[in-house]
Amino acid sequence: MISDRNEVTSMILSAKVSKGIKWHQVAEAIGMSKEWTTAGCLGQMTFNRAQAERVGEIFGLSDEAVAWLQVVPYKGSLPTAVPTDPLLYRWYEIVSVYGTTIKELIHEEFGDGIMSAIDFSMDIQREADPKGDRVNVVLSGKFLPYKSY
Amino acid sequence: MISDRNEVTSMILSAKVSKGIKWHQVAEAIGMSKEWTTAGCLGQMTFNRAQAERVGEIFGLSDEAVAWLQVVPYKGSLPTAVPTDPLLYRWYEIVSVYGTTIKELIHEEFGDGIMSAIDFSMDIQREADPKGDRVNVVLSGKFLPYKSY
Amino acid sequence: MISDRNEVTSMILSAKVSKGIKWHQVAEAIGMSKEWTTAGCLGQMTFNRAQAERVGEIFGLSDEAVAWLQVVPYKGSLPTAVPTDPLLYRWYEIVSVYGTTIKELIHEEFGDGIMSAIDFSMDIQREADPKGDRVNVVLSGKFLPYKSY
Amino acid sequence: MISDRNEVTSMILSAKVSKGIKWHQVAEAIGMSKEWTTAGCLGQMTFNRAQAERVGEIFGLSDEAVAWLQVVPYKGSLPTAVPTDPLLYRWYEIVSVYGTTIKELIHEEFGDGIMSAIDFSMDIQREADPKGDRVNVVLSGKFLPYKSY
Amino acid sequence: MISDRNEVTSMILSAKVSKGIKWHQVAEAIGMSKEWTTAGCLGQMTFNRAQAERVGEIFGLSDEAVAWLQVVPYKGSLPTAVPTDPLLYRWYEIVSVYGTTIKELIHEEFGDGIMSAIDFSMDIQREADPKGDRVNVVLSGKFLPYKSY
Amino acid sequence: MISDRNEVTSMILSAKVSKGIKWHQVAEAIGMSKEWTTAGCLGQMTFNRAQAERVGEIFGLSDEAVAWLQVVPYKGSLPTAVPTDPLLYRWYEIVSVYGTTIKELIHEEFGDGIMSAIDFSMDIQREADPKGDRVNVVLSGKFLPYKSY
Amino acid sequence: MISDRNEVTSMILSAKVSKGIKWHQVAEAIGMSKEWTTAGCLGQMTFNRAQAERVGEIFGLSDEAVAWLQVVPYKGSLPTAVPTDPLLYRWYEIVSVYGTTIKELIHEEFGDGIMSAIDFSMDIQREADPKGDRVNVVLSGKFLPYKSY
Amino acid sequence: MISDRNEVTSMILSAKVSKGIKWHQVAEAIGMSKEWTTAGCLGQMTFNRAQAERVGEIFGLSDEAVAWLQVVPYKGSLPTAVPTDPLLYRWYEIVSVYGTTIKELIHEEFGDGIMSAIDFSMDIQREADPKGDRVNVVLSGKFLPYKSY
Amino acid sequence: MISDRNEVTSMILSAKVSKGIKWHQVAEAIGMSKEWTTAGCLGQMTFNRAQAERVGEIFGLSDEAVAWLQVVPYKGSLPTAVPTDPLLYRWYEIVSVYGTTIKELIHEEFGDGIMSAIDFSMDIQREADPKGDRVNVVLSGKFLPYKSY
Amino acid sequence: MISDRNEVTSMILSAKVSKGIKWHQVAEAIGMSKEWTTAGCLGQMTFNRAQAERVGEIFGLSDEAVAWLQVVPYKGSLPTAVPTDPLLYRWYEIVSVYGTTIKELIHEEFGDGIMSAIDFSMDIQREADPKGDRVNVVLSGKFLPYKSY
């Protein structure tokens, strides 16, 4: 009996390590980006039936688990409000240190509103650099102006 | 008597609204990017003497305030650990929802380590889009592998 | 020297009590809803120049304060994460008790996504009722589907 | 041995996904609104005997589980004080951003008191809109004036 | 310029100590209970005009302060979520230790619902006792049943 | 193997729902008040041997569980510092809103000290009222003056 | 205008350093223990009129400040729930590490109840020791058994 | 498989209740004080081999459990930062109310430094008193002066 | 089925106590420092295949567990944000008390930037001292200057 | 009127920036290490009279401020429990990631006890390195074994 999407995420992580599956392989198999696919496998996005069945085959999931992959999950992937993992903390630190800068510059360009985290995509790439390779990330979110009424 | 960089940030914000100054104008005046310049004016980065003096002229700051612009600040620009402002919350939400995804994909590509938030730059741009303009942000950080010894 | 929108909110609240101004009068004067107008006066929304000047006249604000009314504020109007005020706590309680219900029903009808709090409006009305009048509130937010990519 | 209503909620959620049951179908079966019925199935409301037995049939629950559906639960459906799920966070954000506005306007209309979260109902509807459908929610709570004595 | 009810509470407390005023004297002067009157003077309740003016005379308040006494305050009188003061902590401890007991017994008698904290009164009395006098407190709140719909 | 009083509380709660036992029946069976008895069954008070054995018979507990009922428990019955359950929150709210009032009035009557939560009793009764029945609660605690030395 | 006992504590601390006063001298002057006297000067205990006036002379306080020394204070002398100061943290650590031990041994000796922190005294002494002098502290609190009823 | 000292503590507590063992009996059996012995059994101190084996015999522990008793544990015996149990809270309250007093008096006598919680002992005794027996606790810690260099 | 590195850490800790293995022996077996090796066994570092297999032999781990040792873990080894264990708390205290000192001196020497916790090593040694042996720790981290752009 | 050491720290920081004073210069002037001297100037250590007077001359402090430099301060130099500043966070991260490692290795070498943060010194040095200079820090603390009794 599965009563929570997290149980399915655990099954996927366990199978991934045992079988040596790569996220980009899963993404190719279902024809979506590696970013969205990984988020889905980690319990943050909702798969359609075809995607869920394909993911189920790759990781060897039961029908019940495949059904859960098609249910909208309760989102939020971190165990604490401030992440302890150094890689994730650096992202939190960027929001902490550059937060007011981001706010000022988006408002200077667009006025009052937000950058959507829903109509949103992300692309993570390696940039070769003789001084040490860089992680380049492009975040793209629709600007949503505050409605006045 | 100034004993804290926050007091200088308040002076800058007050002068900015009164005089109608734009952040990109300040950036042009000191010859740096608008992202780094804004972060500096908001008390997160350290200016060199020439930059600090130019910033002081623009905002009409005292010599004491200009001296403080050259002191390394205690960083962290948000009043609470989880930001209440909707624009900033969306960034925090990206870390919350996509955090484990970011971690998995950077490790899949680079192995164990982090994306630096120090050897780091950011570029915020408007992308015209008929369905509503988008905010595009490029984050670029050097990959730092964990040292084993 | 004003360096923070909260100072302007304090000026407005002080003048409101001294002069006995009603929020709906301010709303009529600027031709907007009472909900959006009040949120603006309480430091959560951004006025345009004409609105800000009219608000400034009503509350007797300085030019500097009127300039701040046109600056996008750092939003979040409550002093603590869980509000202590009984009226506001009841709203928080609705999110706490009915939260998963709201989530299930919106997803059952619309699929994965959110109800926007930006492209959003609110209307608060009294409904006469012989068993005790009721507060009726209509919340209307655009549904934003999660982007897959 | 069941010692907590949450265990029954887990059983219901598990059966719902396996059997593909919709909340509005459950509501129709017991003759109550979809909002109240869903809240009850999610462990926030108390069913009477007839309702509990009908819910038990639909989800295939044991007699012990049906007995628990008739026990007043310890309410509160969210795992953290500030919800991490984006859909639920937007509701929390509405309380955060519009909270003082809601307070001012209810007090302007009704005087000191609260909008009840107990003598309360909620109705969630889709509103078709060419710019994107909207979620419309009507909240209706009895106004309760503070007693002076 | 007063922009917050807390400032009026400070004025009242300062005058109370300087002038040696007792709360029960204030209550008698305005013809209300000592419990409600004290809560009002401490910024938790709203006075009507006649009450506010009488309170203003007793404590020597300005007209502006008297106007604030008639404004619905943001309630919550404690500086921390868990009170540090021993007398108040004991009350918090009663909720902590007996909380589930209170819940079980009210539900056993009344079914699902709450004891109102709005349609509520409190009476604090000394009971002489040879083993040491006791504080007796009667709390009386209307039972509000949960609405099903 | 039982290593924690909470396990016994779970057994009692499970048996109570399965067997339809009422708290006041347990109280009568052991000859104590319903308030103290319920608190004991919920793991907050210590039973003597005779009481524990009688409680064990009623709920069908093992000898080991009956032994644990006679061990002083680690007290505190709520899962979070600020309770999420609406009935219990109202009690917390009373402490929050009326806390300083309670403090002032007890000190005005008794001087510095506290109302004991140990030498303490509670009585919960229904009061019929044509405008809606009321929950009346009498709290009685010995006044303990601060020792000076 | 003084509206808070903390202001008086600040005055006392300021005068103490300027004038080089010792706590044991104050205690001798008012004929009480150094522990209780210091707690009173630091805003945790209530002085009677004669004590307050003597304390006022020693520290050069105004009549208003002397009146505040006779008002029961809101107690709690630490700025954070877990103290950051190393000396105070060690005391907190003793409660953390030995807490369950203290609980078990007091209950083994006395049964269910507490050691009072109100009918309580403390004595701090230096014990000479060739391996390094020791701080010896005697805590004495009346045992209060839980009332059953 | 035991992977945590807490599991051993649970075994000891379970056996203690089943077998009716007293802490002072364990202390006598291993020839140490009842305070240190209890702390060790509750997972806060490290036993040597002979002590661990004797404790193992008394409580009927496996060899693996006896091995864990000789491993330095992760210390801290309370489930929350501020304890909810009334007996333990009173100790926390003593630190909260008398904390600054303790700090001032130790510094007045010894200068800057701390009272050690490591080179530390505690003795808990009953003091007969006609007004109600008292719990007397002697804490003895080596004074450690701050090193300057 | 293993779905989390923590499960492997538990297996290692359990085997370590049962078999009496020392960390420095593991370090010698894999030819790395004792600090890095211990951190890896405790779930904070990533082993390569050869190291993982050797660690697996020493502790008797399954192939699945050995595979997990080669997966980058979610880092952070402490159960609470402020550690309760006295040894670890002292390290936290050093950051709390000396934090601003460390910051000032590194900036005075190097300018704005950080000491890396990634390109980082640590060496823990005993220093014999007639007044009591000392723990000497050398921390070595690359200085990373803030990038300006 | 100074009533808190923090006020003196603010004076020192303000004078330091205005006058361009270096911490190592202050250390040389009083003949102590730069680490201890800086900690003292930042309000964490206690100066003797001669040191305080020399520090007072350097920063131009009043006699009252010089007196406060000789008073043991309430220690703890960071504004939040988890530091937001990136340089300080890295130190906190070291405790978080390597904490259990440090604990295991010190216990493996020394047995149960702690590394003192009181009988403690620190030395911060630059190490030239062609791959980028390093910050080397030596921490030295006396080992304090837990007392058994």
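A, B, C, D, E, F, G, H, I and J are the chain letters, set down in written order, and residue numbers restart from 1 in every chain.
One rule holds for everything that comes next: a residue touches a chain if its C-beta (ideal position, glycine included) is under 8 Å from a C-beta of that chain, and two chains touch if they have at least 3 such contacts.
On a predicted model such as this, the values are computed, not experimentally measured, just so you know.
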With one step meaning two chains touch, work out the least steps from chain C to chain G. 2
Measuring between mean CA coordinates, which chain is farthest from chain D? J
Write down the chain pair in A-C, E-G or B-I that repeats the interface of A-D; the criterion is over half of the contact pairs matching by residue number. E-G
Compute the distance, rounded to whole Å, between the mean C-alpha positions of chain B and chain D. 41
Can you work out the whole-Å distance between the CA centroids of chain D and chain E? 31
Between the Cα centroids of chain D and chain F the separation in whole angstrom comes to 29
Measure off the straight-line distance from the CA centroid of chain E to the CA centroid of chain J, and report it in whole Å. 46
Sequence positions of chain D contacting 2 or more other chains: 35, 74-76, 78, 81-82, 84-86, 93, 96-97, 100, 103, 107, 113-114, 116-118, 120, 144
Any two chains that touch count here, so list every such pair. A-B, A-C, A-D, A-I, A-J, B-C, B-D, B-I, B-J, C-D, C-E, C-F, D-E, D-F, E-F, E-G, E-H, F-G, F-H, G-H, G-I, G-J, H-I, H-J, I-J
Would you mind writing out the residues of chain E in touch with chain D in their complex? 32-33, 35-36, 45-46, 72, 74, 100, 103, 107, 111-114, 116, 118-121, 144-149
Can you list the residues on chain D that touch chain A in the complex? 10-11, 13-14, 17-18, 20, 79-80, 82, 84-86
Complex contact set, residues of chain H against chain I: 1-4, 64, 67-68, 71, 74-76, 78, 81, 117-118
Chain A to chain B touching residues, read off their complex: 22-24, 34-35, 38-39, 42, 44, 75-78, 81-83, 85-88, 90-110, 113-117, 120, 122, 124, 126-127, 129, 131-144
Complex interface listing, chain A residues touching chain J: 82, 84, 86, 89, 93, 96-97
